[in-house]
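Take a look at the structures below.
Both complexes shown next keep subunit A, but they swap its partner, so subunit B is in the first and subunit C is in the second.
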Partner chain A sequence: MTSSLRLRAAIVSIALFVAFVGVWHIATRSTGAVASMSPEYAKLMGVTATAGKSAMPGPFDVGAKLWEHVKQPFYDNGPNDKGLGIQLGYSIARVGLGYLLAVIVAIPLGFLIGMSPLINQALDPFIQVLKPISPLAWMPLALYTIKDSGLSAIFVIFICSVWPMLLNTAFGVAAVRKEWINVARTLEVGTLRRAFTVILPAAAPTILTGMRISIGIAWLVIVAAEMLVGGTGIGYFVWNEWNNLSITNVIIAILLIGVVGMLLDQILARFTRMVTFPE
Partner chain B sequence: MTEKFISIEAIAKRYPGADGGEIAVFEALWLSMQRGEFACVIGHSGCGKTTVLNILAGLDAPSQGAVIVDGQAIEGTSLDRAVIFQSHALLPWRTVLGNVAYAVTSKWRHWDRAKVRAHAQTFIDLVGLTGAEHKRPSELSGGMKQRVGIARALSITPKIMLMDEPFSALDALTRGTLQDEVRRICLETGQTAFMITHDVDEAIYLADRIFLMTNGPGAVLAEIVENPLPKDRGRTDLHRHPYYYAVRNHIVDFLVSRSKSFATETPDHDPRNVPVVRIGKPGLMIAAGDDELRQASWPGSSRSSTSY
Partner chain C sequence: MSTFDDPFDADRELSRAGCVCGRHRSAAEHERAALALRCEPVASGEERYEGVVASAVMRAMFPRDAARRAFLKSVGASTALAAVSQFFPLKTATEAFADAGAPEKKDLKVGFIPITCATPIIMGAPLGFYAKHGLNVEVVKTAGWAVVRDKTINKEYDAAHMLAPMPIAISLGLGAQAIPFAVPAIENINGQGITLAMKHKERRNPADWKGMKFAIPFDYSMHNYLLRYYLAEHGIDPDTDVQLRSVPPPEMVANLRADNIDGFLAPDNVCQRAIYDGVGFMHLLSKEIWDGHPCCSFAASREFITGSPNSFAALTRAILDATAYASKAENRKQIAEAIAPANYINAPVTVLEQVLTGTYADGLGGVKTDAKRVDFDPFPWQSFAVWMLTQMKRWGQVKGDVDYKSIAEQVYLATDTRKAMTEMGLAPPATSYKSFAVMGKTFDPAKPEDYLNSFKIRKSS
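Then we have the complex of A and B:
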């Protein structure tokens, strides 16, 4: 029954995809008005003006271009012409670094907040104020203090991914069942061992959920951050291709951002499943 | 009188009340137990039974008074006092073996894996869970989970086992078998046990002495009922024993009516000298057809005050 449901869902998915590509193809095929112009002037203009081709690339243009990128993902022809693999690599490295820093800070701090009501209340006003700040608002301050655009981007990733992890860790730790804590207490388990053998496994699903939210936000923010700092990365690539008026490449970049974001989310989802325990 | 193994001395537990004052769950509670004794506490909800158990376990501290175990005042929790929780409180991310081994490694930190495993296995076998070592708690039935809880408590070879209504969440059949297991294990190992229950039959079957507590707040230990049934009593023929109904009726009467009115009816109740009820021992008795002594009529219990 479930396999047939899966099969039917796959059929619907494929049908929707085909319909979407079809509509896209028809919508971009239309030949607009062709202005009469001198052959010299026509050479300066693109096919949009001369042959009435739509300015929006069709699915087959995008497909062909994507194939080109896939065949050569790591070429490097100077600062403004690098393979998509390199650009994505830069972005993933920045996200990974900023995210890792956030994990190092947020999880121990979250443990502290979750275990100590005093620290919780003392830090609460700061967290409440800092949490809703758009991560990009930190960018000028980061650029001024750090004086390095690459590091500033990493800082922005750090600051945006720290909050969901911090709050989820604190919540998960504070919500560990009293009876499990009591088991550890009656067994005279020390604080450190209790933290690792009872609180950590009990709070792990909540912590991992926070980490999953964080990686999603980090990947959202990196594109915007790289548009600002420039130089390398998938966000810079999108903006650069917009300046090149290569809508095809912009569409490809959008697609790849989506695919990488999905993969990052799936990795964290798998980790979450690994630490989740049935009750 | 034999030496007291556990001695609860004048403990009180008070909580801040709504009007700024304090509400005492109980005041000046005295209670003592001997080594190897099985004691049950019976009382209505809110009389502070669980608080007494938590204080004994060290999970809670009394507002006043002290608890002395084996000649030493207790401070906090200890591996000498194992708790079997009502909700079994197994760690769901560990297997049966993992849960028991966790307790074993907590007690003997320097033991190697094989030794811990063998020790844990002994107690898993003891509670009849052989073959289920690698199951997780979510794969076990309620009765099996509580068996793991018992194995975990026993595995650290505690001086006392503290049980907070351990079988109340189980169905009658499972409860019966687990009562048998607990009784067998306690008799075999000479375990001292302190148990809270709502089930009068359970108390009569398991306990050597039954502590009756009045309703809270301001609960007191009203009476100590000595179990007149022989040591080799069985669960199935318990109700055939001549003293069974006398004991049972006495406890039920207490729960139904006297637990409410005790405080007003007995204003001179001395918490240090709680009356001991010995049903059918001295007093009015006639020789029955066989050699056994039977109680002539009810009420025939003699109430004598001893200093406990």
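Then we have the complex of A and C:
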């Protein structure tokens, strides 16, 4: 039953994809209509003006460029021109560092907030105000105070991805079944041991859901931060190709950003499955 | 007569006056021309330093040149060298001199924005000008003017490409704390243009432009001042009658296509790209507003200049060299090909060629030629700084009394650059101030306040 469902879903997905590519191709076909111009003038103009080629690239242009990039992902032509593999590597490294910092801060703090109603109420207004601030708004402040663009990018990832983890951890900890806590108290288990052996496994699914949301946000933020700060990374690559109005490369970068984001999410989904338990 | 001439040459005068064949302005120029003909490599740093020290010693020992030449003719060059070395430690002195002249930091980072204005900075890397002066410079592409400013202040960059008014604004502390910056060289003169959207083909009289939206790269830029000047001369108040927005240059073409703006005053490669993609046409080249206006500059903080003076001097020499090379029309095509790849400007080669060689499509079906569309002259005239200060005051960016002369002299290093250019055999102007005309109106750098008060349209403060 399941395999038949999967098969049918796959067929529908592929059909949707083919339909989308078809519509894309038709929409970006060259119109051919072009103003008349002298041959000398035509030599100095781009293909949009001379051959009526659409400014938006078609699926075959994107496919060809993508193949080029995949063939040599790790080239290095200098500080401003590196292969996509290297750029993605830089971005993932930055995300990793910022995310790790966020985990180190969010989970213990979340535990504290979850276990103590006093701290919960006290910190609540600060969390609510800081949570909705966009990473792009943090960026200038970070650059001004931290004075280093690499560290500023990592700080911005940290400050934006800490909230879902923090709130989910707090919620997970607070929502542990009272019966289990009471049993632990009856058995005279110490606070720290109770936290690690009872509360943590019980709250783990919620904590990991929070982590999964956070990794998505961290990946989102790094692209925006790199576009602003430049240097290396997939966000910088998007901005560099945007400078050259190379929409083909921008589309390829968008696709890769989506694929990597999906992979990161799947990794955390696997961890979530490992700690889930039937109620 | 150059410091680098051989002091042990009996037939050579050590005094300073023209060259031996009489056809060059200085002996250094003569040497260079002669070497170019003989295809010999120029002497290395150490050899030249040896010559400098020996030259100084010989001049001190024989104040009258005729006596020195007679001495050399009688004993011969090698004996003379041996005799002098007996009394004066030439080798040690040369080493000390060489160390004093060597750059403190060889690995430098220079930030740039990918526009043709930064051509001398960018081309220094692929065409080897930095290497020639003993530096290993990484030119780093930057996302925008504010980021360039921040990274130079943070010391992530040692020096950077900046808009000509930016070092003045940073030194005055406009919008942030005051950090002293200095400009040893102007990157380019001319090289901008007003591009309008294709739908405004018939609407080219600026008096009709009320209500239009224009984009400029940055508030503290020559683009802002030139556009405001142009609009004001045609009776349009740039603050109330039109909208001026700061947009990063790469986004200007996309914004023009999306109909968010009606036109922009931007660096030539952005204008040409808009024409190339068929979204705009060239209304006016900036040289038609002011021929010879500065646009971008090469700037460094005072801290870098005083902390690493030799690195700074070598960097300046490399930039001056590159600028002189770029000012020659026959080199432009080669430069366009060198700076087009993704590592540098990342634009189609033909767009850059059209900008640098001056033969370009104007967006309305015609091919125009203007060899001085963009030009490269490194001398930082202090009158440029005074003009920019008057415009800053005119539009309310700087308030109160302004000491024009002292700010101009602190930020624009005309005297130091003149010295460097003379040593390199380039011919710098003798004065640091000159008068020029903007749209027909003369500017006298000695009377900035009168100039400022002569404008009808200015910010009502």
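Going forward, the second predicted complex is superposed on the first by the 278 of 279 C-alpha atoms of A that agree within 3 Å, B and C clash if a C-alpha of one lies under 4 Å from a C-alpha of the other, contacts with A are read in each partner's own complex, and residues count from 1 in each chain.
Heads up, the rule we're going with is that contacts are C-beta pairs under 8 Å (C-beta built on N, C-alpha and C of every residue); 3 or more make two chains touch, one makes a residue touch a chain.
Predicted model, so just to flag it, every value in this text is computed and none were measured.
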Clash-or-fit label for the pair subunit B, subunit C on subunit A: fit
Dominant contact partner of subunit A by residue count, subunit C or subunit B: C
Partner chain in contact with A:Asn77 - subunit B first, subunit C second, else both or neither: second
Cα-centre angle that subunit B and subunit C span when viewed from subunit A, reported as a multiple of 10 degrees: 150
Which of subunit B and subunit C A:Trp242 touches, first, second, both or neither: second
First, second, both or neither for A:Ala27, with subunit B first and subunit C second: neither
First (subunit B), second (subunit C), both or neither touched by A:Glu279: first
Touched partner set for A:Leu16, first subunit B, second subunit C, both or neither: neither
Minimum C-alpha separation between subunit B and subunit C after superposing on chain A, in Å: 51
Intersection of the subunit A residues that touch subunit B with those that touch subunit C: none
Contact footprint of subunit C on subunit A as seen in their complex: 35, 37-38, 40-41, 43-46, 48-49, 55, 77-81, 143-144, 147-149, 227-231, 236, 239-246
Residue ranges of subunit A touching subunit B (in the complex, touch as defined): 177, 179-180, 182-183, 185-189, 197-198, 201-202, 275, 277-279
Subunit C residues within the subunit A interface of the complex: 114, 125, 138-143, 147, 150-151, 153-154, 156, 250-251, 253-254, 257, 273, 275-278, 341-344, 346-348, 350, 354, 359-361, 365-367
Touching residues (chain side subunit B, partner subunit A) in the complex: 57-59, 76-79, 81-83, 85, 87, 89, 91-93, 102-103, 106-107, 136-138, 156
